[in-house]
């Protein structure tokens, strides 16, 4: 895909995608070594979050789900704090209280990942409501899966956002499966983006392996949102290359997907595709691209080291943060 | 509308519509006299339930909502038991435990009205699931409002019914308002029936004042359902002639609808329209039609008398029916 | 001080806070018309921008309130207790848990106004009194005003509070009258019980709609020479244990009157605390006067058997006196 | 009798009942692959028709189960406790209330299997132990098996029962082992507590995952010459009050160990009953050993502080001994 995106932005996207990839690979390694618990890997889907977040500003908000490392890293999360959180340490984003599924960084607009499928969809809609009520120009975007799209929360939020013209982007990452279940068995229409018709909003089907396509679709939707023209539903066709989660290996054995299908999707690795675009367009050299990866790798290693060395939260933390006010909980 | 519906069926529809109308008028009278509490009147919408239920058999199921007298009467409920229930008496359908919003008669397929908006939509979907799992040929139909259509329960049920091809009819009674709020302010699309596209099922827009049109649309959907072709969404355009409920008179003062709008809709009274069809087509004489009304009126008077004379449930009933087994509850 | 109805007092509290703080807004079904009463006049004063009629989508707009609060607004959400089941996930998974699981990053100043209609033939689908459920869940402040003055003062505190709060507005109290301070600075703090009547023989802890019933019972018992102390906890989270334990320390006898269903009720909780922490003070079995463990029957002949009454409280007081 | 894991015992119970009764079917997310384990092998045996993978629509399919049950099927629904919030309205407004509000017309033989993962770093969104919530709501039978044999026997009873049942399957017990009867006629009745160990000095009522911890504590105390009676109520609705009251009548001392959050917990309820009905038998303050009133923190250093432990139970036993 040819594009007129600046080199800076392209390289930023490449960097964030590599950060995610290396982050997830490192976690796999550490999981196998017994250093961390089970997590949901974003490998294969990097272009979705990164392409989308490249179209957002720091002052814009995102919210995510249980497949929970890609979105915050794409939005600019600090790898050390993210890793420390997954280690359950005091220097983590949530002081170790949240863990892998609850990364958040309110300071750069990351309203948080969420373990209950589709439960951050209404929350992101509410952030957009605040933008509208206060006449601000920030937008919010929420990432959710093909499985999540079947939750009532999505219907209610999309309808609400549309009748109130809220500046929110509903980004459905259709990675084809919810755990072992194909979306073809649970979604009544061909494309989830077709459901946008039911809410009188644009429904855009995007190649989720292509970061540039994701960026462009999102940028368009952001513009609409900032202009007060309301929400957009973006369906990104993508694939998770790995198991549903580290820790659910046994499910792989149930053979809910063919090896050949996985192999085919792997041919469209989002990192390869973006690198190729960058190189083919003469934007950067292969060596420059390799350096981005190497750098991200080093950052991730540092983050892991940081996380390992951070202490566990101590007993005094237990009741803290239940309430904003310091009051006895019981 | 010309039609090849049998005289028997037309007269049955007229009878049930008059039963509903007289039932509601009697309740209004008794409410004003302080004999019964607040209820949601179905006046103006009679053609919807009656037209739809005319296309169903006794072995088919229906479920309803808070506007709760029309559906059961349309499906063949006993007026005495219905009235006694609204009086909270032991001879009522639910021994007085349910009241106006919870009429039910499982013996003729009335799975019950429901006070929580949209909450019987999944239930009706489940009845249809049973039909499919057991290879039975019964269908189920659920009545819900324009307001209710914005609940997640509707999305989840319609999607589920479609992916599983369940024999269920989603009948949305668009009476234009949810309490004081126009559906135009809460539904993002022009017609609620347009949402059917999002579930890959037929969406049919029907004149809900026209019992024959309702019958025909429903009969078509029933046929599809019995043939294993799955669910249908029917949107019936209708109007409630009275306030949201007896007991919420003060809301009328908020003037959420113009007198002229009410007057216009009253010109299309479903009883007038059906009577005219019947008379114009030579199916029956005006006198025959009047007799139907008079008869229904007498039945309602009898039902009121029956209800008045039925005793209140006594203390021994309090814990009964919490559980099927006789066990101490506490 | 002016005499006001409980419902008006709630509305006064909201209006005063909306005047002070432009971040406060009210959303819910038909709030512009104020179907439930306490929002009367607000639409006229604050207009469409701050009084929002929502679609019938409780999970959606309960959650939208969380999101709006998370980025700095101060939403008030109006609903009935019985409709909270529909939006339960957003209340529990987001409103209640978000702050803790994000290590304190989220500040959620949102007030859910849960009107509890019961006692008037609303039947099973419209009569829930579910505060014990939210007490168990944790992370939400639970407010149960028992008098018109508290209705106003606690509402104002709720709106100013930086945590998610559920105001359980007791339907049987909405029409009660009492003196309500006009002072816009008047607030009632959370976590401080109200000793409505001092006494020395028996402690009656009365929640929400039980408050006037407990006071009537105390009055009645006074005629028989029994001195009853009546305590309204006002907020169940945080709970002012201290005041209750001190009172039992003085009286040695405890009756808890709670309109919630009796199993795992607020009454159960308070009794479990006293049975553990003030056991040696107790001179008689504790008495629970809560609702019968049934769904709410429509028929008045059955419904009247369900809730705590003055007579029921009197009977229990007598039991503790042996 | 064969030694089985708790999780296998649950599956055995389901399989046996499905063999007997063609109306029984299982539905839930990814149940064909048995992501949560206890449905292992069922898809192979019973096929697509009776093992249904649902969309991610808890409110929708929880309610569909009610509808299917209302017209004669016997659905088993698999979910996690934490996902029940999403489908709460159908559980409360329909499953729990329908029979009563329709005067007994609806018979709803539906079993909700709520797996409770906690204690293993699942964090706030996946660690709920919400049975006290459903105890308060009423209308649902609440089952909390504490041993593999009970897992099977109570599951079979649940499936045969004509009321809606929630089986709370404790994640910390899924891997425990024990003798399980092979007899397909073996069932465990509801409302009959299990006296797991007789004793004379202190009564410990232990719920779900607290059962092995209470037994370990009793074992430990025996070494110190203290005789502890350990009672597993097995079902919280119906609750076998009798057995608990009789035991306290004998020992005079009560400890309740409950993995639920402590406020308005099952422990609170049991203590409130004993404090009212067996007060004169009590010789010491009752002791609640329940989870701390916080959302579940991810970090193991914090999470381990939350739940009842054997040590915690021992400490409380000692407190009751003064």
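For this structure, a couple of remarks:
Order as written gives the chain letters A, B, C and D; numbering starts at 1 within each chain.
One rule holds for everything that comes next: a residue touches a chain if its C-beta (ideal position, glycine included) is under 8 Å from a C-beta of that chain, and two chains touch if they have at least 3 such contacts.
All values derive from a computational prediction rather than experimental measurement.
For the pairs A-D and A-C, the larger set of C-beta contacts lies at A-C.
Chain centres computed from CA atoms place B at the largest separation from subunit A. Each chain gets one centre point, the mean of its Cα atoms, and the points for subunit A and subunit D are 36 Å apart. Separating the CA-averaged centres of subunit B and subunit D is a span of 40 Å.
Centroids of subunit C and subunit D (each the mean of its C-alpha atoms) stand 30 Å apart. Counting partner chains per residue, subunit D shows two or more touched chains at residues 54-55, 57, 59-60, 82, 85-86, 89, 93, 100-101, 123-125, 138-139, 263, 293-295, 297-298. Of all residues in subunit A, those touching 2 or more other chains are 94-98, 102, 114-116, 119, 150-153, 155-156, 159-160, 163, 185-187, 322, 329, listed in ascending order.
Only residues 25, 49, 54-55, 57, 59-73, 75, 89-90, 93-94, 98-108, 138-139, 141, 161-163, 190-191, 238 of subunit C touch subunit A when the two sit together in their complex.
Per the touch definition, subunit D reaches subunit A in the complex via residues 29-30, 32-33, 35, 53-60, 82-83, 85-86, 120-121, 123-126, 262-263, 292-295, 297-302, 305-306. Within the complex formed with subunit D, the residues of subunit C that make contact are 82, 85-86, 88-89, 91-93, 96-97, 100-101, 123-125, 130, 132-133, 135-139, 237, 260-261, 263-269, 271-272, 274-277, 279-280, 282, 284-288, 293-295, 297-298. Contacts from subunit A toward subunit B in the complex involve residues 150-156, 158-160, 162-163, 185-190, 194-195, 197-201. Listed in rising order, the residues of subunit B touching subunit C in the complex are 37, 85, 88-89, 94-102, 114-119, 147-148, 150-153, 178-181, 185-187, 248, 251, 254, 256, 312-315, 317-319, 322, 329-330.
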